[in-house]
Amino acid sequence: MSLCLQARQLSCERDDRSLFTGLDLDIRSGEIVRIEGPNGSGKTSLLKILSGQLSDYQGELFWNGAPMKRVREHFLANLLYLGHAPGIKAGLSPLENLAWYQALSGEQNVGGHSEDQRLDALEQVGLAGFEDVPAGQLSAGQQRRVALARLTLSPRALWILDEPFTAIDRHGVAALERQLTMHAEAGGCVIVTTHHALTASPLLRRIALG
Amino acid sequence: MWAFIHKLGSPKWFYGISAKLQPWFWAAAALLLLVGSLWGLVFAPADYQQGNSFRIIYVHVPAAFLAQSIFISMAVSGLVFMVWKIKVADMAAAVMAPLGAAMTIVALFSGAVWGVPTWGTWWMWDARLTSMLILLFLYLGVIALRGAFSSRDSASRAASVLAMVGVINIPIIKYSVDWWYTLHQPASFTLTSRPTMPTEMWLPLVIMVLGFYSFFIALTLMRTRSEILRREASKRWVQDLVNGQTVHVQAEETR
Amino acid sequence: MHSTSHSASDSSSDGAARSASQRSAHGSSPSALESALQEAGAVKEAQAWPLLEHQGGLMLAVKATLVRDLTLLLRRRGEVLNPLVFFALVITLFPIAISPDPELLAVIAPGLLWVAALLAALLSLDSLFRSDYDDGSLEQLLLATQPLAALSLAKVAVHWLLTGLPLALMAPLLGIMLALPAGSYAVLALSLALGTASLSLIGAIGAALTVGLARGGVLLSLLILPLYIPVLIFGAGAVQAAILGDGVAAHLAILGALLAAALMLAPWAIAASLRISING
């Protein structure tokens, strides 16, 4: 089953200021969709609407053809959203942070088996050796990497990423870009905002706001 | 039913219909308040125990009634806004809050004035006055919360939730305060709790209560209308209205 | 940028007409648009990612949230101790401000202990959702497949365990300092333990409503204190009844009833408030 997220006549107005009007979107498997626009053009608001956080909009959202309101749970089970803030607790170690996210999504095997998964995921984002350090002692870029480890750890089809490259070094940016492409090639789907210039790819599609 | 609710939800439609309703409520309010106050303050007999000071009842009781009713209608408006996303309901709730707070202050003040001849003091921790004071704090909370948000949509929804939480708590607060009062019994006499009241005394009271309600409805309609204009200032129908063009108030939906 | 939403609804473009028909067909069977969307989805056949069904695991998520919040708070012990120190400090102020006379203190002790404990519990509420809001984990909590009401209940439970319960256990000690008459100590602790649970639940609504505001602290007290009054009346009433030798069962039963009502209703209000706050 291929996924598709559709929006029909999406309008968002925040305090009398119209951010976008009559937006139609068709986002499908195998795509990297980049939302573009100047600051304040409503990129984050659009991502929050698409991820079901903002309810203050007009228009309709469809997940695999069904109205979003009816299939919200199924949608959320397949969504991984990373916002401006990485969502990493400073008082917990990277391993503990990831364990909570795994439990939160109802992944049953939080025993030794998935401890290995978490260690692998952290190694992939270049945090080997930092597994048990409180996240508050890590740099901003490293904290962002802990959040990005969730991309490997949780096999979700739809990634919605708000400025995922923030605070990440050049090496990490390249690795993340590769990861996005691989995810799209494997039939997943990525919606992303970024000020980075993404390398051109047949999978990449741009949507301009503002 | 759905179509009706949506029609009601259109600020433009509401603006039109409220213009027609408003004069009737103003007229009713003026008439009822005039008759009620004349009857109550001049013609009704004096109380055998309290003399003429009991006449404060004709202000105190309607204000206290209204203070509670406004909170309930504010919460209902909040519910309507949250469930059906009808913006007019929120505009009404927004203008009701200061009105309700004002009524609560009127009730508190008239109660305090009444306390002077009855108890010989301006303030007594009487069950009704205490509940009324807590109600004032609830109103102030809703008003403060609405003012604290920079985004109007969030402010509206937060105020709606708080009003609903408050309205669930009002009966609980009322009963617990009554219970607390009977336990401590600092005074044996309570305002307005009287076994029987002759007809010539309570009939003007009923008229005054109705007059206060009409006044509240008329004022709410008027203030909601100006709130509509303020919030919809960027919409075309409002600009047409301001520019003096005729607006056809139809059953169509304006969003 | 389009000027207003009017331009879209006035234009007779296909999309606008279709969405209007969609809107009017509220609640009816799947419309033509929906099936058209499904067909369109079937045409393009890319390699498909296996979609997951929601797998439950509510208890797992609630337990993990409980453990996470407990761990976080226990690693910053200062925050757990602060309300207790505040409680003791406020109780110290009263004999100094009023009189050290044990007879007078004994009369006002139940009320003082309850008011001070209530304020101490209130002070710690502001931080209940604050750090989650700041570091972005609140967004993730909202996007979990688990009901937000259940997850926020777990957070409130931790707040009570580390604030309300310690306050209740500490209160008898401060009761001695206020010459609280013998025989009421157990009731004091029990009424506080029951009452502070309701206070945590009701207070969490206020905390959720104000978490998005930069300076929500004072506003939070303004919103929440009026709602605390019933709990205060029956809590302090229970201790007074114990001193007078009256039965305390009725008071404790009402406190229990208030707690049951708060348990049923507050989680939904907290969840709704958190969704509002995250909207900004």
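For clarity, chains are labelled A, B and C in written order, and residue numbers in each chain start from 1.
In this section, contacts are C-beta pairs under 8 Å (C-beta built on N, C-alpha and C of every residue); 3 or more make two chains touch, one makes a residue touch a chain.
The shown structure was predicted, so the numbers you read here are calculated from the model rather than taken from an experiment.
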Between A-B and B-C, the pair with more C-beta contacts: B-C
Far-end chain from subunit A, centres as C-alpha averages: B
Inter-centroid spacing, subunit C versus subunit B (mean Cα positions, whole Å): 29
Between subunit A and subunit B, centroid-to-centroid distance (C-alpha), Å: 47
Touching two or more other chains - residue numbers and ranges from subunit B: 151, 153, 234, 255
Sequence positions of subunit A contacting 2 or more other chains: 56, 58
Multi-partner residues of subunit C (each touching 2 or more other chains): 4-5, 279
Residue ranges of subunit C touching subunit A (in the complex, touch as defined): 1-5, 7-8, 15-16, 18-19, 22, 30, 33-35, 37-38, 40-41, 44-58, 60-61, 63-65, 68, 71-72, 75-76, 131, 134-137, 139-146, 151, 275, 278-279
Residues of subunit A that touch subunit B when the two form their complex: 14-16, 56, 58
Subunit A residues within the subunit C interface of the complex: 1-4, 6, 8-9, 11, 13, 18, 20-22, 24, 26, 28-30, 51-56, 58-60, 62, 64-67, 73-74, 76-79, 81, 83-92, 96, 99-101, 103-108, 110, 155-157, 185-189, 210
Interface residues, subunit B side, partner subunit C - complex: 2, 82, 134, 137-138, 140-141, 144-145, 148-149, 151, 153-154, 157-158, 161-162, 164-166, 168-169, 172-173, 175-177, 179-180, 183, 234-236, 255
Of all residues in subunit B, those that touch subunit A in their complex: 151-153, 231, 233-234, 255
